[in-house]
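Okay, so here's the structure we're looking at.
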Amino acid sequence: MSAVPSIETVRELAAKFCNWGRWGPDDELGTLNHLIPEHRVAAAALVRTGDVLSLAIPLGDDGPQHAGSGRFNPIHLMRYTGRDFTAPGSAERDPRRGYLQNADDVLILPLQAATQWDGLAHVFFDQQMYNGYSAADVSSSGARRNAVTAGGDRMVGRGVLLDLPAALGVPYLEAGRPVGADDLEAARVHHGVEVGPGDFVLVRTGHMARARERGEWGDYAGGPAPGLGLESVPWIAERCIAGLATDTWSVEAIPAQTPDVTCPVHILLIVMLGLWVGEIFDLEALAARCAADGRHEFLFLAPPLPVTGGIGSPINPQAVL
Amino acid sequence: MSAVPSIETVRELAAKFCNWGRWGPDDELGTLNHLIPEHRVAAAALVRTGDVLSLAIPLGDDGPQHAGSGRFNPIHLMRYTGRDFTAPGSAERDPRRGYLQNADDVLILPLQAATQWDGLAHVFFDQQMYNGYSAADVSSSGARRNAVTAGGDRMVGRGVLLDLPAALGVPYLEAGRPVGADDLEAARVHHGVEVGPGDFVLVRTGHMARARERGEWGDYAGGPAPGLGLESVPWIAERCIAGLATDTWSVEAIPAQTPDVTCPVHILLIVMLGLWVGEIFDLEALAARCAADGRHEFLFLAPPLPVTGGIGSPINPQAVL
Amino acid sequence: MSAVPSIETVRELAAKFCNWGRWGPDDELGTLNHLIPEHRVAAAALVRTGDVLSLAIPLGDDGPQHAGSGRFNPIHLMRYTGRDFTAPGSAERDPRRGYLQNADDVLILPLQAATQWDGLAHVFFDQQMYNGYSAADVSSSGARRNAVTAGGDRMVGRGVLLDLPAALGVPYLEAGRPVGADDLEAARVHHGVEVGPGDFVLVRTGHMARARERGEWGDYAGGPAPGLGLESVPWIAERCIAGLATDTWSVEAIPAQTPDVTCPVHILLIVMLGLWVGEIFDLEALAARCAADGRHEFLFLAPPLPVTGGIGSPINPQAVL
Amino acid sequence: MSAVPSIETVRELAAKFCNWGRWGPDDELGTLNHLIPEHRVAAAALVRTGDVLSLAIPLGDDGPQHAGSGRFNPIHLMRYTGRDFTAPGSAERDPRRGYLQNADDVLILPLQAATQWDGLAHVFFDQQMYNGYSAADVSSSGARRNAVTAGGDRMVGRGVLLDLPAALGVPYLEAGRPVGADDLEAARVHHGVEVGPGDFVLVRTGHMARARERGEWGDYAGGPAPGLGLESVPWIAERCIAGLATDTWSVEAIPAQTPDVTCPVHILLIVMLGLWVGEIFDLEALAARCAADGRHEFLFLAPPLPVTGGIGSPINPQAVL
């Protein structure tokens, strides 16, 4: 890799690890092709206690988005409330309703506002997306290619947690710190866990814990963050994993190592590899539990909502231990 | 049960099967209490092939809601599209963006517009909800009690499919047909499957298949439908199941058996039992597969989105076989 | 005009009446340039009784949009209600709130769902919009050119009602009936009113009254309708009016006179002339009043909401008599 | 008035100036009853140059709302863009569309997010709103009484600008500064203008200009602000004006003069008087023009959108000079 990474570095890595065409000209699954049913049988066998941990943050107006982050927090509005029926003299208590009293609600949300999958139509490079489809296939009507629905019946498999601060002996990774193959490998060895084809790899940087300690999200969304660096790409590509998620808003180190390219790792992982990327995962409870158990593998599941033409999806990922 | 069911019938069944206080005065889990970690270990052991089936319908503007159904179909809007970057002379291709080209989207949806969990704050009876909480605990700010978030780390367990048309030898149940304990038991025996504590029971009526055959949703949402009748309540209560879902818009038979009570089974199951109810599940592929395999049990998972104060949640339920 | 109108007819009329460049290369006002302040002084002088008539239909879920119309009716949701404060034992009655009890609400609406202005960025022809700007100037970030905000401080002037059914002696114009210059002129003469530079011309076809008589909107939005035909374009262009509105969902006759062009009059009026077009105006009360008064001119006002980058705007147009 | 204002002061003023029942038990117009058609004839006669000034701020994501203000800025989303049609190889350029290329958009907004009318259902006191209607008349279905639609055909009349900083010789009023009857009267005398029945009084404090000078909204919405104090209430009530608006987010001084009552002036003006209150008006250009002309009266118009059951309405108010 050149001393000062640039668009040329990105193009070199792209040429080397590009998965376009690997699974045929019509593929929209990307790295989910690495995950075969047998992997799930093995993953199910990892369940020992039956405990479930949710890896999602709450979907509400106290989320990480802010005016400068380019997205907004979910807006939850009620269509009917219990108080519609408890108000004295309420007309809704009309006997003609046949005792029916119910609440109902509506949600308005950017699909990537909180814990989420980035779909393969989320990022373009030179006006193309994963598998060489044109960026023009994503119009105002949504994604005609690479919609998030492709992963709708695939997101169950083996999960592996790589807890970087634990492995590196630091409380958290500093904002901007690029994570390399050596870091990932160090964590893997530290935990004594294998990473292989079809796995979902969850990478903890400690960045969310830091925000929680501060007591406010601050610039968590949209601001500087630790994350994957260019050096991690070969490791990720070669292991043939199915998906990868972090406890940061952008899976990669922000700001980028490439002064001239804004999100180089997004380009490489999503556009070139076709990797399913998860963001804003809450890995705190899971990290504590894995450390206590001395075991960093589990059954992982995170089915996306089947939003027609959707780019991303809010999820409630789970580890079953 | 009296010859002509009425509000009195509902009150009798309520008195008999009410779970309020059963799990303490602060419980918000309801029947999810029946599901213990050991059940999940057993459920995971059911995975044989590793195949996954999604039980969700697409989330889009071609959904079942219509002007008369009281809800609307999900509205999917783009914040950025690929075409923003492919237009000739596009200013967004500014080199200062550092090659960044990305799509982003927003969804507006009633939380119960499509495949969904009803939360325990969805229905009230006499101004109270499950466990005796006041309906006033559901204000414009959402549910302060019984929010759908309570199920956020619980919805993984054993699933059982009861395919009523297959068991009864009919193509589908007619709209309005109430399903009784005898029907459920007939299907169970027909399939040679057990139903027990902590299970998620998926009840197929064929009503969605019928809409699909017609080629249009019509009054599928909000209209007459087959579904659970009053006679099914003791069976459900006594088996201590964790959740129950159907392929209809309202888990119960519409119109109701009680001329004076609009949704008596909602009252009994949700308010009294604290049962987690799923609706608009697509059970067609699952039914075909279970029939082919001669096996009607599987690992089931359907984590709700953790919407703060939420009444219901869109889900993408999965059967892992 | 050729016997069978076609794209060629449209191109001929476009060449003849195109206003591009007429008011400079940076103009975004279009025909609002015809309206000069002196016109408003004269319009204000038309006020005799001080009565105000609203020309808007209600903004609510009982509007004309439906699944097939391509838009949806406004969705009105409450953030806080009065019942939040009247529920017995309401926590919101906390004395710490200092007696504050308030309601608040949210609206979700397509900007052209009901009574509206089409902005000049609403329609393109051959990938260009009014004044020759590229269609690419309307991205996912909104209209960079020809946004509806351009009319934000202009929409006050003289209004003229042309009541076609009254002039033609019919209860209403049939759906599909194209309105020509002769029809408009007949109505003008029938009413004894002038039409000149800077005027807002309100054209009543009776189509909304017909829907009202039916008691349901039916296919009012998106379906066949009477409206302006190709023959009306020279009349409109030559009179130098500022804006024109109808009581139909699409200002022009639907289906179009041109088998090969879907909305030829939109192209000519909005793209070529830069005319501000209003739709779904309720002209019933105004028509009755004008007939009773024997006077078809008045002070007209319909300021659009200044939606940044907006394509259209909901309005509550008023006639002051 | 007692030395330290409190809830008792509020109740005394309420008793003295309450308009409940004044216009009958079914009234929903409040102070708009003061405005009679003759006032509009006189107001129209004020038009001399025909110039129009918009008093609205832009409706967009750069508005004053923020996470702490309790509302959010308008969210503008595109349904179709021009770029959908300019992308090379765009399927939307299908000749079967008959040359149709159009843009369309959607807005999501709190009705009081920007320049707005508060409706008479916006505030309650002791669980009642204007004219004694129960707060329970505002349910999740909207306002059954006092909806903003009541003003739908009334908001045209005489406008008067009271420029307080100009009259008091200061650049702006400090945040928290309560405006009394003496201040309003001083401005009136300074401008040499009358204020009488049916007028719309626009009160400039300079608070918006200050935010504009700062270059950011900061806590403009929701934070401390100058505004009407308790001492202004008799002056307002006795003049029988139709409406009143300010260049602040809350018409009244924030924080309030009453330590125990959060928004005492809202209670008095909206609940007791039934006054139509406007907020977040941009009065800068108008103030400059009035000063230059030496004339502080004009034709004013600000029709609310007829949102069924609406609490408030976004508006684009206009002064015609």
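We call the chains A, B, C and D, going by the order they appear; numbering starts again at 1 in every chain.
Definition applied: a residue touches a chain if its C-beta (ideal position, glycine included) is under 8 Å from a C-beta of that chain, and two chains touch if they have at least 3 such contacts.
None of the values given here were measured: they were computed from a predicted structure.
Participant: Please decide if copies subunit A and subunit C contact each other with the same set of residue positions, more than half shared, or with different positions, and reply same or different.
Facilitator: Shared-number fraction above one half, so same.
Participant: Using mean CA coordinates as chain centres, what's the gap between subunit A and subunit C in Å?
Facilitator: So the centre of subunit A lies 45 Å away from the centre of subunit C.
Participant: What whole-Å value do you get for the distance between subunit A and subunit B if each is reduced to the mean of its CA atoms?
Facilitator: 26
Participant: Provide the list of subunit D residues touching at least two other chains, using ranges where the numbers run on.
Facilitator: Where subunit D meets two or more other chains at a single residue, that happens at 61, 75, 78-79, 81-84, 86-88, 90, 106, 108, 134, 136, 139-140.
Participant: Are the chains arranged, by touching, as a line, ring, star, complete graph, or other?
Facilitator: complete
Participant: What residues on subunit B touch subunit D, complex-wise?
Facilitator: Touching subunit D from subunit B are residues 75, 77-79, 81-84, 86-88, 90, 106, 108, 140.
Participant: Which residues, counting only subunit B, touch subunit C once they are in their complex?
Facilitator: Touch list, subunit B to subunit C: 61, 66-67, 72, 75, 78-81, 84, 87-92, 108, 134, 136, 139-141, 144.
Participant: Enumerate the contact residues on subunit A facing subunit B in the complex.
Facilitator: 7, 10, 36-41, 44-45, 47-54, 56-62, 70-71, 74, 76, 78-79, 81-83, 85-86, 97-112, 121-127, 129, 134-140, 142-143, 149, 152-154, 156, 256, 258, 260-263, 266-267, 299, 301, 303-312, 314-318, 320
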